[in-house]
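Two complexes come next, and they have one chain in common, chain A, joined by chain B in the first and chain C in the second.
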Partner chain A sequence: MADISLKLEARSPLNGYSKSFGNLRVEEVTGKALVSIAVPQGGNAKLATAIKKQLGAAWPEIGTTTTSPKGYQLLGIQTDMVLAVFDHRGGLSDDLIRKGLGDKAYCTDQSDAWVMIRVAGEGVYEALERICPLDISERNFAIGQVARTQMEHLGAIIVKEDKNEFLLMSASSSADDFLHAITVSVENIL
Partner chain B sequence: MIINHPLLGPRDAAEFVYLGDASLIDRPDWQSPNAASEFHDYMHLRDNIAGEMRELWFHEQGDRSWLVVTRNTVTHEITNVELARDVALAKQTGASS
Partner chain C sequence: MTQEFRAPEGRINREKLVNFTFNSKRYQGYEGDTLASALLANGVRLVGRSFKYHRPRGIFSCGSEEPNALVTLGSGAKTEPNCRATTIELHDGLEAISQNHMGSLKHDLLAFNDILSPFLSAGFYYKTFMWPAKFWEKLYEPVIRRAAGLGALSGQEDPSLYDKGFLHCDLLVIGSGPAGLVSALNAGRAGASVILADEDFLLGGRLQMEQMEVDGISASQWVANTISELAEMPNVHIMPRTTVYGAYDHGTFGALERKTDHKKYSSGKPRQVLWRIYSKHSLLAAGATERSIAFANNDRPGIMMAGAVRAYSNRFDVLPGKEIAVFTNNDDGWRTAHDLHAKGVAIKAIVDSRESVSMKPPSGVASFVDTKVTDTMGRHALTSISLSNGENISVDCLAVSGGWSSNVHLTCHQRGKPQWNEEIASFVPGGELPVGMTVAGAANGQMTLAAAMKSAHESTRDILASLHFKPKMQPLPKVEDEASGTSCFWHVESGKQRAWIDLQNDVTAKDIKQSHLEGFRSVEHLKRYTTLGMATDQGKTSNMLGLAVMAETSGKTIDETGTTMFRPPYTPVPIGAFAGRSRGKHFKPVRKTPSHQWAKENGAVFVEAGNWLRAQWYAKPGETHWRESVDREVLATRKSVGICDVTTLGKIDVQGRDAAEFLNKIYANAFGKLAVGKVRYGLMLREDGIVMDDGTAARMSDTHFVVTTTTANAVSVYRHMEFCRQCLFPQMDVSLISTTEQWAQFAVAGPNARKLLEKVVDDEHDISNDAFPFMACGEVSVCEGIPARLFRISFSGELAYEIAVPARYGNSMMSVLMQAGQAFDAVAYGTEALGVMRIEKGHAAGNELCGTTTALDLGLGRMVSKKKDSIGNILSEREHLVREDCLNLVGFKPVDKTKGLQAGAHFVATDNEPIMQNDEGWMTSVCHSPNLGYSIGLGFIKSGSKRFGETVTAVDLLRGNTMDVVIVSPHFIDPEGERLRG
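Take a look at the complex of A and B:
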């Protein structure tokens, strides 16, 4: 075999996009692993206990997030399923979770399926309310809340991380279109 | 149109997919002696109501739940929204007792 040495480098869906628009910053979040954890029928209590023990985080109620000192964030996006977000450590991320939870959960690695974009700064509500069908104003959507919806016809998960700071997730396959929807909306309020 | 989701609160109807008459929950028993005729009715016979109707909606761009929405097909007024899971479980409990 010919001696060909190739160095392969993983690229994120938006290649590490980061740009400021006045007070607003739009940037891709990279290096995160995403694993969905689903409950086998009737196993809610068992799984919640196992997750608390293994990941150190409580099972989130739907619409809320929980975090653990071990660096896991759990997003309660639907009944009987949560999405775990944590720093990617190489390899298959679902193996990491499955190791601790065994047959108490169905785990699926979704790291490559999503693009994550953080939009932060003053004016973030004005920028996002034009493309988001949900009321994400401060009085209705508190820090730590999560919702799954659609923005510009693209499925999206919205996490409120801080005052004036949102993490948006959408399919990596349409990452450019999702970013375009956001940046156009941001430019429109400048 | 806004659907008031029992778990998530008010959501735009654009997030949902419409299926149809909620009688689709009542799938006949395939082992029943009249299974063929029951499945015929289940598959093909629907009331086309001008007024209040119970319908199945799927929250595809949301929490992936099935809902039973009571909606007036003339005015679009929605008077009740339940999780289809709860409706089906309640029926099972009712049938077995």
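Take a look at the complex of A and C:
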């Protein structure tokens, strides 16, 4: 019989890290669910329609994001697959999506696989150019764009959220080193 | 010491005095000085000793081409040798010392090398010190290295910080001289994103070193105005102190920015940043380098490049001498005389090798045409020169100009081949340039100011058009072309006297002639035989001279002789800068398991497994040896229950209507009929039939499998599966995604595993043996509703499960499992105990799946289903792989059970010699079995499964161990599998 005194506690990869460096702020984004939505072969149109209906967001082109009034953000990261980001509501996040999309999509919960770190403030471009090989200048990487890349040998996803604000994502197991890469970059340009 | 050699004008900040030391003596200079200019201002002429002969040497140039004035900066761990005094930005507290002398710089005991010079000519070390051979490493080489060399490293870890970064631009302008500034200004105004990089701390290039006018104002003022405008443009990134050192593929450049080297304290910031610059186009405006003329004793302190003498005067207010002569083969040398004469310096003579010239000397200055300098005098500094007309002239500085060579280096980094231009006596860029590169100004052979600006103007217009900008090009600045006549005159016959070509590596004209005599015809061979151009300056002032002398000697033209290959870096780059911040524990990223914190708090000793840190064992108080901990963990697990974090095993979500068929293809065994809620062990073969990896596949639904891989192969298996999905079976409806990081997974093993889990798994899930038998799987919940996955699989051979929860609960889950296991004396076990138990059970792991073994070798031949097609199926049947005496995975135990087996030992028959021909196999894995009380092993041996009970010899020649072992079944524990089904 289960011992009801045994309780599990959730902890994010960086335990809610948040710190200001001059005008720059580096903080872990928590409480978000992340679900991959893959297209069954030949089912692109059906899935796009279903997503629009269920989640309220358009299917994003690769390199772009779409959002919906229901609070979903879709990241167009590769052919035939998007990542859905939304507020975590407990349980397995892919179940929530799967219920709405049925067999029109193959969904996998990725909420715990990634650490999300927001870097925001003046100087964010100078800081990120120390680790991000992509051209994320204002003229080349608009608000709402997303890209896959690598930073300090770690696979990463970068989303431009606002003028001086980026969301960075990388594997949760190496979250400490990813954070270190970011904070060293910030400290080096102050 | 007072700065007695300062002139009244210049581009330094006289408001700010700077204190520094050279060879522990205190000096003062000004902000804006280099170490070289400050030393010259203080009358310091002798600054170093030459590499081989320990000849006294002074400052020769005023830029990064400097061959002589190498000093060591700093002290202790921060010691940095071989720094060019001509590029070191003077700052308060700077400490510099001279190099390569025994005793004081002035009285160097190793100067006797110069007396031995007749025996030390080019290639002497290839011909001498040959016998006895063993003396080379122990005697000759150490002595030679002590006697000849440059500065020395501290031998300590470099405490400085370095960083790296990435920059992008439409146009990278390399060099901020007249051509670079014209280009950057026009591109910036057109709206292009521009990076303007220059190795100097003062932008402007030669415009800062000349008395010229641009648009009716002084050149330096025009530079200041231009930089000011560029600095206001958000699309222009100005990078002084930045050397673009290499041109790489697709418009990518390497650049080193010196961030804090010019400051007394770095304040915790990186001293240098190594940039990777991605450019759509580049404009190389790197200017030209002046070269010398070879004549007898042309290396004395006080003999300098004419352009450098002029630059020290115009930019730094420093007069390199009080009585100066000029020796030139071109018009530019005359300008040095004019500029310095205008400052009141005594110009003793202008000596021009040409038969006739149109230049006029300054008023009252003697000039000698068709005349050469034939010798010089002065032990530690120049005192006089001798001319070919028999005159001797007393001077303390000789300004030499042998013409200018275009800085083509970066144009050659993608194997571009420079072309000889006789008219300007210089190689200019030729052949295929790096992608997107245009060359302008003196670097392209436009040696005069107006021509340089015009070429940059036109090039930039074309570049901007190619980048789809519509520039309104500004009018060209109004400038005048200076006289630029030149001649190909390289050296003065020096008889028995030495005429120096490469000052840094002590190569003379005679050395070059000798190498030709000895049969070295290629310029590349000449370089390597004489070491011409192989020093830290890479021969910037000497290569042209050397190959010209070679051409003369061989009777070829310079064009026919060609140049050696220019390779990155343009100037030296510290190794620390290449490493950047990837040092020490940050050398590579570390992956931590979800229960890392718990493990750390509970005595875990970690081991690196790929990038993962895994708990190797958990040391308890009183345990003094790792074996105590591991034995305890194994015994406790087999007796009751143990828990191990196995998150690192690769997990791949396989979904799709064709998921089962897809697994049928990538696994050798069948998966099509695997029932939902069941797990199956899977064996994956390579195309060639060799085993690639093993793991399990759990069927969560008709269209959903969870595949596991070994930790080591998690990435390669996923990559392989993606290749199969996209390239081999694109018609299949399959989707893959890694979930390794998503789930924290724990093995719970031992007779009480089920009892422990029943305390954790919510009551609505029946995990009894009937409801959840061996190889069952399913989605469950734990601790009142937390979603989890449960797999009834066993690596240890015990009744065992693997339970997975979302990674956010991983650390807590480990704690909860241990808490639930208290009643059963549960233990946490690490990878060592895991290894011991799998060897006891006879399970293969990485040591056995080593890339050379087959399913048949592993005893799993029957798993390769012949009822279906799968990757590797056909080639696994190759004759050699299925021969009668193929290797078999079996167990081994020592005849003398007090001895420990060793992995890597090879097996031979007991009466055979331990030689390759008698080799029958090898030991793959060994451990001490605490259950059996002696050492056991797994290994491959020919026909092993038919030889149980036979004794063979395990030979480990590497470690000097030989012992007799008995071949046994690989299943040391529970061979019938009763425990895991219990």
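As a convention for this text, the second predicted complex is superposed on the first by the 184 of 190 C-alpha atoms of A that agree within 3 Å, B and C clash if a C-alpha of one lies under 4 Å from a C-alpha of the other, contacts with A are read in each partner's own complex, and residues count from 1 in each chain.
Just so it is clear, a contact is a pair of C-beta atoms (placed from the backbone, for glycine too) under 8 Å apart; a residue touches a chain by one contact, two chains touch by 3 or more.
Computed from a predicted model, the values in this text were never measured in an experiment.
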So, A:173: does it touch chain B (first), chain C (second), both, or neither? second
Give one of first, second, both or neither to describe whether A:120 is in contact with chain B, with chain C, with both, or with none. neither
A:133 contacts which: chain B (first), chain C (second), both, neither? both
Hey, is it chain B or chain C that touches more of chain A? C
Given the touch rule stated above, what does A:48 touch, chain B (first), chain C (second), both, or neither? neither
First (chain B), second (chain C), both or neither touched by A:29: neither
Kindly classify A:77 by the partners it touches after superposition: chain B alone (first), chain C alone (second), both, or neither? first
Per the contact definition in the header, classify A:112: touching chain B only (first), chain C only (second), both, or neither. second
Which partner does A:58 reach: the first (chain B), the second (chain C), both, or neither? neither
After overlaying the two complexes on chain A, where does the chain B footprint on chain A coincide with the chain C footprint? 133-134
Partner chain A, residues of chain B touching it in the complex: 7-8, 11-12, 14-15, 61-65
For a test of understanding, state which residues of chain A touch chain C in their complex under the given definition. 1-4, 6-13, 36, 38-42, 80-81, 91-92, 103, 106, 108-114, 129-135, 137, 139-140, 152-154, 171-174, 176-178, 180, 184-185, 187-188
Residue set of chain C touching chain A in the complex reads 161, 163-168, 193, 268-270, 273, 276, 278, 581-582, 586, 588-594, 611-612, 653, 655-657, 703, 731-733, 735, 737-744, 758-763, 782-787, 805-809, 811-813, 816, 819-820
Chain B contact footprint on chain A (complex, rising order): 62-63, 77-79, 133-134, 147-150, 155
